[in-house]
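What follows is a set of notes on a single structure, which appears directly below.
Letters A, B and C mark the chains as written, and numbering starts fresh at 1 in each.
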Amino acid sequence: MSPDDFETTLGEERASSEPALMVDVEGFEGPLDLLLTLARQQKVDLAKISILALADQYLVFIEAARKLRLELAADYLVMAAWLAYLKSRLLLPEAEPGDGPSAEEMAMALAHRLRRLEALRNVATQLMERPQLDRDVFARGDPEPIAEIKQPEWSATLYDLLSAYAVQRRRTAMSFVRVAKRTVWSLAEARATLERMIGQSTDWTRVDQYLIAYVVDPALAVTAMASSFASALELVREGSAEIHQKQAYAPIYMRKRVGAGNGNGSASNLGAQGNA
Amino acid sequence: MPSVAKKLVIVRSDEPQSEQGGRPEELRLLEALLFAASEPLDEAMLGRQLPAGVDVRDALARLKAEYATRGVNLVRIGKKWTFRTASDLSWLLTKKTVEARKLSRAAIETLAIIAYHQPVTRAEIEEIRGVVASVGTLDVLLKTGWIRPRGRRKAPGRPITYGTTETFLSHFGLEEVGDLPGLDELKGAGLLEGHLPPGFAVPIPSDDGALRDDEDPLEPGDLDLGLAPRREE
Amino acid sequence: MPSVAKKLVIVRSDEPQSEQGGRPEELRLLEALLFAASEPLDEAMLGRQLPAGVDVRDALARLKAEYATRGVNLVRIGKKWTFRTASDLSWLLTKKTVEARKLSRAAIETLAIIAYHQPVTRAEIEEIRGVVASVGTLDVLLKTGWIRPRGRRKAPGRPITYGTTETFLSHFGLEEVGDLPGLDELKGAGLLEGHLPPGFAVPIPSDDGALRDDEDPLEPGDLDLGLAPRREE
């Protein structure tokens, strides 16, 4: 991924995308929803959408949200990281044919998912617009008991049963419960960790190995990985680290950027670069 | 009843297209209102719902004639109107109206424990629930036909083990008791929230009728104690 | 229409006990039962009430046609039948409306995914929506009685699959799931085959269906970052 190229595109896109930035991120039902909203702004058939342009818009949005210090769910950041990756793959000639899906195929898969979500929303709307019982249509208001039908003497729903089970199991489990440790790894924590880790190594190291050393509690693994990956991409963008992945889903390697000074990881320095 | 036949003929010739489409809208309105109403409706109230200029009495009379030969009749009670099953078909109906009773909280909790942890004894139920079972709870559940005594635990006192029945499955719309959601699904559905201690588990239930290694069959006398599911009240 | 009158008279004299207007007795019986019932009635149960040799389906189809233009319509829900007020008359009956259940957008989308993609696991729902199911969404839907656990997917972790219930069909006035609005268009556009080829998963949870035989599950230490299909827990 070329940071310069990224920056230029961001600059160009920013003006046209400005109104979208006003949209409250809270109002979105996850990254696909955000992408779909951005896609609609392209006002073209989803089948003809430019995934590259969409990725740019998304990254601009996320960037702006982060500048405003909006708390973003890990889902959004992971999608941002993935789109940045996809974008770099789309822009660069395919290095090796490889067995993984090509960048084009990955873009098509994303377009497919967007189409599917949009189509689903359309049918969901149609479903909810159907005449509904006790709202638009009504059953007999004053039924008469039928001899053949045995009225069940007792009533209980599956929901009653399940919630009764859950409630009492939790009730008795609670007496043994200890206070849980915090279960989220913030981006700041992840970043600090990564900066410390790559400070020690100029060899390619698997990012997960970075994490294993730190994440003792397996329950933290997912959040730690998501936050770390987002932070890692930021470090790469700022030029203090390099990332390498052979193909999609392969392990991700990371190292301190050759030639980068030791002090290059300080927050103030990075902040200045980000604003440039 | 030649008079009825005559009347039918008159009605039909009045309105040639009758049934399909040509039927006045007010008859549709009256039909819907009277059908959905939970009690007989007032003539005046019905009149207010009809298009201006429509005589509610005429319309009701006509509707009554239409339904006179049907399985349901439109009947007038004082100044109110309602649909009722034709009197010659009242044998289809029953006098007995049983309002389905809701199971008590204790009963549904006990039922849930039996469903998930079967085969399970009364003492085990109490242990899981952390509450001593009230005497009537198992009785009520046996009456529902949703649980049954399966056998006796090979343990001191040889306590009875309980499990769920086919009726249980069909009432709750389950194909098999193993389809009850497990720990992850209960969590995922938002039913089981909060932090659970390590080792907290939800069993995968099975209502396999075969006795387990630690179960003995019920003895003939057990069934006479009213512990077996009663067919019907 | 003198011809109709003639016919009526003839029928009556032919078949004096068939009573009223030459309309088969089974239609009266069905009318009576279906009007009286508070819940949709099973075809088989209705069949048992009819005179021997009468085809209950034919009779129901005929009754449905008779009522098609009326204020009350006969509707089929799966294998059950019930009378409902005509949907174009909702304006007339709104006074009865109880506080409508207001579902969140997430719940509506989840319901639609379950309806159109059933049987579907929670991970698949999340994959389609591109977001982890918020706690309580499935809980709300289970509470409405519109969805149910259907079984377990033959896949690692044996996750529960969800589907819709008869209550769902009944609530939305659908004869069967195949009548869902827009279903054919979705199918035609290839949007129901749903599962992306392996390796195509875009971020966020992916369904187990994308994990093929030739894929190894990720090792715990692998950095999957949520990019690879996640296995059901």
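As a working rule, a contact is a pair of C-beta atoms (placed from the backbone, for glycine too) under 8 Å apart; a residue touches a chain by one contact, two chains touch by 3 or more.
Keep in mind it's a predicted model, so treat the numbers as computed, not measured.
Distances between chain centres, each the mean of the C-alpha atoms, put B farthest from chain A. The chain occupying the central position, as judged from C-alpha centroids, is C. Taking each chain's centre as the average of its CA atoms, chain A and chain B sit 44 Å apart. Separating the CA-averaged centres of chain B and chain C is a span of 19 Å. Rounded to whole angstrom, the centroid-to-centroid distance between chain A and chain C, based on C-alpha atoms, equals 33 Å. Among the residues of chain C, those in touch with two or more other chains are 33, 35-36, 49, 83, 85-86, 93, 96, 142, 148-149. Residue positions of chain A touching 2 or more other chains: 138-141, 144-146, 148, 157-158, 162.
Put simply, chain C touches chain A in their complex at residues 33, 35-38, 41, 45, 48-49, 82-87, 90, 93, 96-98, 100, 105-106, 108-109, 111-113, 115-116, 128-132, 142-143, 145, 148-149, 170-174, 180-183, 185-186, 189, 191, 194, 196-197, 199-204, 220-228. Against chain B, in their complex, chain C makes its touches with residues 1-2, 4-5, 8-9, 12, 19-21, 23, 27-33, 35-36, 49, 66, 69-72, 83, 85-86, 89, 92-93, 96, 122, 133, 135-140, 142, 148-152, 157, 159-160, 165, 232-233.
Touching chain C in their complex are the following residues of chain A: 29-33, 35, 75, 78-79, 81-82, 100-101, 105-106, 109-110, 112-113, 115-117, 119-124, 126-128, 130-141, 143-146, 148-149, 157-159, 162, 206-209, 211-212, 218, 221-222, 225-226, 229, 248-249, 251-252. Note for the complex: chain A touches chain B at residues 138-142, 144-148, 151-158, 160-174, 176-178, 180.
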